[in-house]
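The data blocks that follow each hold one structure.
One chain, chain A, appears in both complexes that follow, with chain B as partner in the first and chain C in the second.
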Partner chain A sequence: MRKCSLNSLNAVFEKLANDSALYMPVDGDKGADYKKWEMGDELSSALNTNRSAKDFFFPQTENLMEFKVSGKEIEVIDTRDEKEDFVVFGVRACDAKSFDILDTVFLSEPCDSYYANRREHATIVTLACTRPSETCFCNVFGIDATKPTGDVTCWKTADDMYFEANNEKGKAFIEKIADLTEECDSKAVEEQQAKTKEILKKLPLADLKTEKFGKDKTAEFFDAPEWRELSTSCLGCGTCTYVCPTCQCYDIKDYDTGHGVIRFRCWDSCMYSEFTKMAHGNNRLSQLERFRQRFMHKLVYYPTNNDGVFGCVGCGRCLAKCPISMNIVKVMKALGGNDGE
Partner chain B sequence: MQKITCESLIEKACELIENGTVSRVIGWKKGEFDYDLTPAVFANADEIKKNFIYNDFSGANFSKYLIKETRKGEGKVLVFLKPCDTYSFNQLLTEHRFDREKVYAVGIPCEGMADIAKVKAAVGDGILKITSEGDELIVENLYGDVNKVKLADVLAERCVNCKSKKHTAYDELMGEDGEILDNNRFDEVEKLENMTEDERFAFWQNELSRCIRCNACRDVCPACTCEKCVFDNPKSGVENKAIADSFEEKMFHIIRAFHVAGRCTDCGECSRVCPQNIPLHLLNRKFIKDINTFYGEYQAGEVEGSRAPLVNYTEEDIEPNDAVKREE
Partner chain C sequence: MNNRSEVLIPKVGVITDIRIDTPDVKTFRVVTPDGKKAFDHMPGQCAMLSIPAVGEAMFSITSSPTNTEYMEFSIKKCGCVTEWLHQAQVGQQITIRGPYGKPFPVKEVFEGKDLLFVAGGIGLAPLRSVINYCRHYRDKYGKIDIVYGSRSKEDLVDYAEIITEWMEEDGINVHLTIDREQECWDGHVGFVPNYVKELNFDTNKTVIICGPPIMIKFTLEGLMSLGYDKTQVYTTMELRMKCGVGKCGRCNIGSKYVCKDGPVFRCDELELLPSEY
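Our next item is the complex of A and B:
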């Protein structure tokens, strides 16, 4: 483990930024968002950025290719810009875990080369949490907020920033800032972790139960009467899906430029009425069906297809952002398996 | 003005459902915390007693839900309306969007609703409990702190600039009715008007570039009630999905603002729900201010059935050319 004093953190950032693009959460007047670091920017202490870290690998809109038509000839143009290496600093444990979930979807065969390209070029530097919010429930999904994953894990104490590499990429990162950091023991980190764990135990959502959900539970929940009431005031907007670090649905569309076609990909939301609309029409006609799809995907379908792993990381963004304050926690409690229900 | 209690609303709702005046009640349902209330439809007194809540976070405007709710079921639906909600209620009636006969509206006074983001900015995160005491909120957090914050200091923007404490529609009123208020709601608009064109462009560019096209502003808006929105139509070419470029993201919001011009009551739901905290209400307020300037004072939803200036030709109307020239 290595450390640097918080006073010299800017020098570390400067060194990293000279080497490759460096992104981190920075506070703005509307909350924290990832920003390309420039001298003067301070690392935010916010838990959740407004938009999740998935944007780095799965941007809301991207052009996939272009077509030029001349006569009977169609030219296909690969428009992707080969990504250069970049560092994402200060990723929280929940968002770091979301990358595993996205990887399962995008990197399994057939591998999504656009996504893979960005993943390969990124170094993920995570930051342990010390002051969780009441809306945090990552522990429910087996995530340790005091020891987030990623290529490098960081802990910020009152005076120092601690660094520990988790893999080869991480070691290369540590190597880069070796001059600016010193070898140290992990005592201060362990003390901080113990203290944070006490707080995590007291979180109001800490004992949310997941046992009832998971693999092969489709039949049990699909026709549950609770969906009607849960979805009754859903506005059908896409907020929950777009702020979610694990929602990964997209649409691919063609845009006619007048002298060719741009094929682009953009996020899509299962909450939208025209989601996955096909020639035969729409497969989910009511908001109840669309609402159910989203939560069944997180709690049942994704685990069914991926060895029981849930499609939620407990970041709490949907709890904070849903216009009607309906969210996965309320769904899990209403569907049962939790005390007092 | 006496602050209305949750208990008195529960009592009223139970009374009306038990005596058969209504068959169901639109109200706020308790959440996981004291601030995350969900709009819900209650079908009996037991449910109401168990889960109905009214507190400083009962901000949601229920008027739009009446479109959906009056189309189903037998009997009337009870809706609680704060003064600002009644403007949306009237506007929807003016546009024949729901059957008035199927609604029993109870007006409730309002002292302004708190914005949880402002509460958190004032006293920090990790909130376990929020209780109301006089004009203060008592906030307990995970870390053992108990903080006090004045409701007046954490009011939602729309409540800071409250336009009216007067109900414009109801079947029954609880408590006393208030007055239409003098307010400073156009101050921010004037600031924007006083900017240079470039500054103003930069302001909106910065705000709207954060838009994620979740459509929450549209979906919550009581003036946005088209059965099928043009932005939901895959054949329209302007479907909601992609923010193709900075032109398109502005176009969406500007078209929406135009579409609700003269119909927007300035209820502020658009800005309340925006996950990216874009001050969308300022676009609508600019239209309201312009309409006031060019056609005389007009408040959408103040009078049911009123003809909005933009859809009501009179010989005194300003010539379009003169309206365009205003900047000169």
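Our next item is the complex of A and C:
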């Protein structure tokens, strides 16, 4: 394990930013969001960013290819370029886990080259949580907020930033900032972890139960009467899917620039009425069906296909952002995740 | 970057022939610009066709894999992409990618069996691929019965091929029906599900069925009343798709993605899925 004093953290960032693009949470008017680091920017002390870190690998919109059309003829132009290396600093444990979930979708055969390219060029530097909030429930899904995954894990104490590499990519990162850091023991980190763990235990959502959900539970929950009341107020705005680090549904659209046609992909949402609309009909006509799809996917369908791993990381963004205060926690409780509540 | 393969990037295809099948169905012949088949497929698999700036949509490949020269798509005019295709001329280029989905188990399951095909309207399009595949390897398959119905005589897709080839072949029985009485039609009149029941088939057949959901539902009920089991019946599904490879989330039903786990399902497998298709 290595460390540097917080006073010299900017020197570390400067060194990193000289080598490759460096992104980290920076405070803005409406809270923290990832930003490309420039001299003068300070690492946010906020618990998490408004938008999740999925944007780095699965951006909200991205161009896939272009077409030149002349008369009856079409030329397909592969516009993909090899990405450059970049570092994402300060990723929380929940978002770090979301990458594993996105990987199962985009890196499974046939591999999505757009996602894979960004993923390969990124170094993920995670930052342990010290002040988890009342909307946090990552522990429910077996995530350790005091030791997030990623290529490198960092811990920020009152005076120092600690670094530990988790793989070869992480070792290369540590090597890069070796001059600015010193070898150290992990005592301060362990003390901090113990303190944070005490807070995690006392969080209001710490005892949310997941046992009832998971693999092959479709029949148990699909026709549950609770879906009606849960979905009644849903506006179908899709905010939950946009802020969700694991939602990955997308649309593919064409845009005629006047000089050619750009085919792009953009985030889509199973909460939207047109998501499944076909020329001859729509298989999910009501908001109840669409609402159910989103939560069944995270709690049952995804686990069925992925050895019981849930499609939620407990980041709590949907709890904070839903305009009608509906969220996965309420769904889990209503469907029997917490008996007696 | 160009050394990474990417399924979302299509090939160029050329429409080399357009056949008018019914007032709203045309069959398009497609090859690559150098005159070859765009890719190999198995019966029941699909391809994504697109016209830049119009859209991309999934279609079943109606030609048999045994056709080594070109692919055919029988397409009903019902949305943006299909309307555009219907006004296209021979020589028009489009884009094509695929093949997508799990095919009908023509070797693993169908070989050696008597087959009963049941189709309604444009539902014949995916089955035509299987029928012509089985005709090509005729010795490997038993008796073939085909029940095909549509609204009217004019709405029967591939009518010429049915009359001149399928009906003429030994061991193939074609049973055509139309919904209402019509002049110059001395064949059967009535809905497909009822006709299937009337024909009272032996229950030893493997059934392959495609058509409007309501037709599939009632035909299945009819088959069950004849003594069939759902494990003998295969169908192919249609849902909105964008990627074709199980990532965009659109065709997700339960833990299945119709584009990659389907579109072909055995009816007892379908029953395990939530009823939202």
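Convention: the second predicted complex is superposed on the first by the 334 of 341 C-alpha atoms of A that agree within 3 Å, B and C clash if a C-alpha of one lies under 4 Å from a C-alpha of the other, contacts with A are read in each partner's own complex, and residues count from 1 in each chain.
What we mean here is this: a contact is a pair of C-beta atoms (placed from the backbone, for glycine too) under 8 Å apart; a residue touches a chain by one contact, two chains touch by 3 or more.
It should be emphasised that the depicted structure is a prediction, and the values quoted were computed from it without experimental measurement.
> After the chain A overlay, clash or fit between chain B and chain C?
Taken together on chain A, chain C would fit alongside chain B, as the superposition shows.
> Now for A:Thr232: first (chain B), second (chain C), both, or neither, which partner does it touch?
After superposing on A, A:Thr232 lies in contact with chain B but is clear of chain C.
> Have a look at where A:Ala194 lands relative to chain B and chain C in the superposition and call it first, second, both or neither.
Neither partner.
> If we overlay the two complexes on their shared chain A, which of chain B and chain C does A:Thr304 touch? Say first, second, both or neither.
In the superposition, A:Thr304 contacts chain C only.
> May I ask you to decide whether A:Val76 touches chain B, chain C, both, or neither, giving the answer as first, second, both or neither?
Only chain C is touched by A:Val76; chain B is not.
> For A:Leu47, is the partner it touches chain B (first), chain C (second), both, or none of the two (neither)?
Only chain B is touched by A:Leu47; chain C is not.
> Determine, under the contact definition given at the top, whether A:Cys270 touches first (chain B), second (chain C), both, or neither.
Only chain C; A:Cys270 stays clear of chain B.
> Mind working out whether A:Asp251 is in touch with chain B, chain C, both or neither, as first, second, both or neither?
both
> Just checking: does A:Met278 make contact with chain B only, chain C only, both, or neither of them? Give me first, second, both or neither.
second
> In the combined three-chain superposition, what is the angle centred on chain A between chain B and chain C, taking C-alpha centres, to the nearest 10 degrees?
With chain A as the vertex, chain B and chain C sit 90 degrees apart.
> In the superposition on the shared chain, how near does any CA atom of chain B get to one of chain C? Answer in angstrom.
Least C-alpha distance: 8 Å.
> So which bits of chain A does chain B touch that chain C touches too?
In the superposed arrangement, which is not itself an observed complex, chain A uses residues 251, 255, 268, 277 for both chain B and chain C.
> Inside the complex, what are the residues of chain A that reach chain B?
Residue list for chain A touching chain B: 30-31, 33, 47, 50-51, 60-61, 131-134, 199, 202-205, 229, 232-233, 235-239, 241-243, 251, 253, 255, 264, 266-269, 272-274, 277, 319, 321, 323-327, 329-330, 333.
> Write out the stretch or stretches of chain A touching chain C in their complex.
Touching chain C: residues 64-65, 67, 69, 72-76, 78, 80-82, 105-106, 108, 110-114, 116-117, 218, 222, 248-252, 254-256, 261, 263, 265, 268, 270, 275-280, 283-284, 289, 293, 296-297, 300-301, 304-305 of chain A.
> In the complex, go through chain C and note every residue touching chain A.
1-2, 4-12, 50, 52-56, 78-80, 82, 89, 91-95, 238-240, 242-243, 245-250, 252-255, 273-274, 276-277
> Please give the residue numbers of chain B that touch chain A in the complex, ascending.
Result: residues 31-33, 36-41, 60, 65, 125-128, 142-143, 210, 212-216, 218-220, 232-234, 239-244, 272-273, 275-278 of chain B touch chain A.
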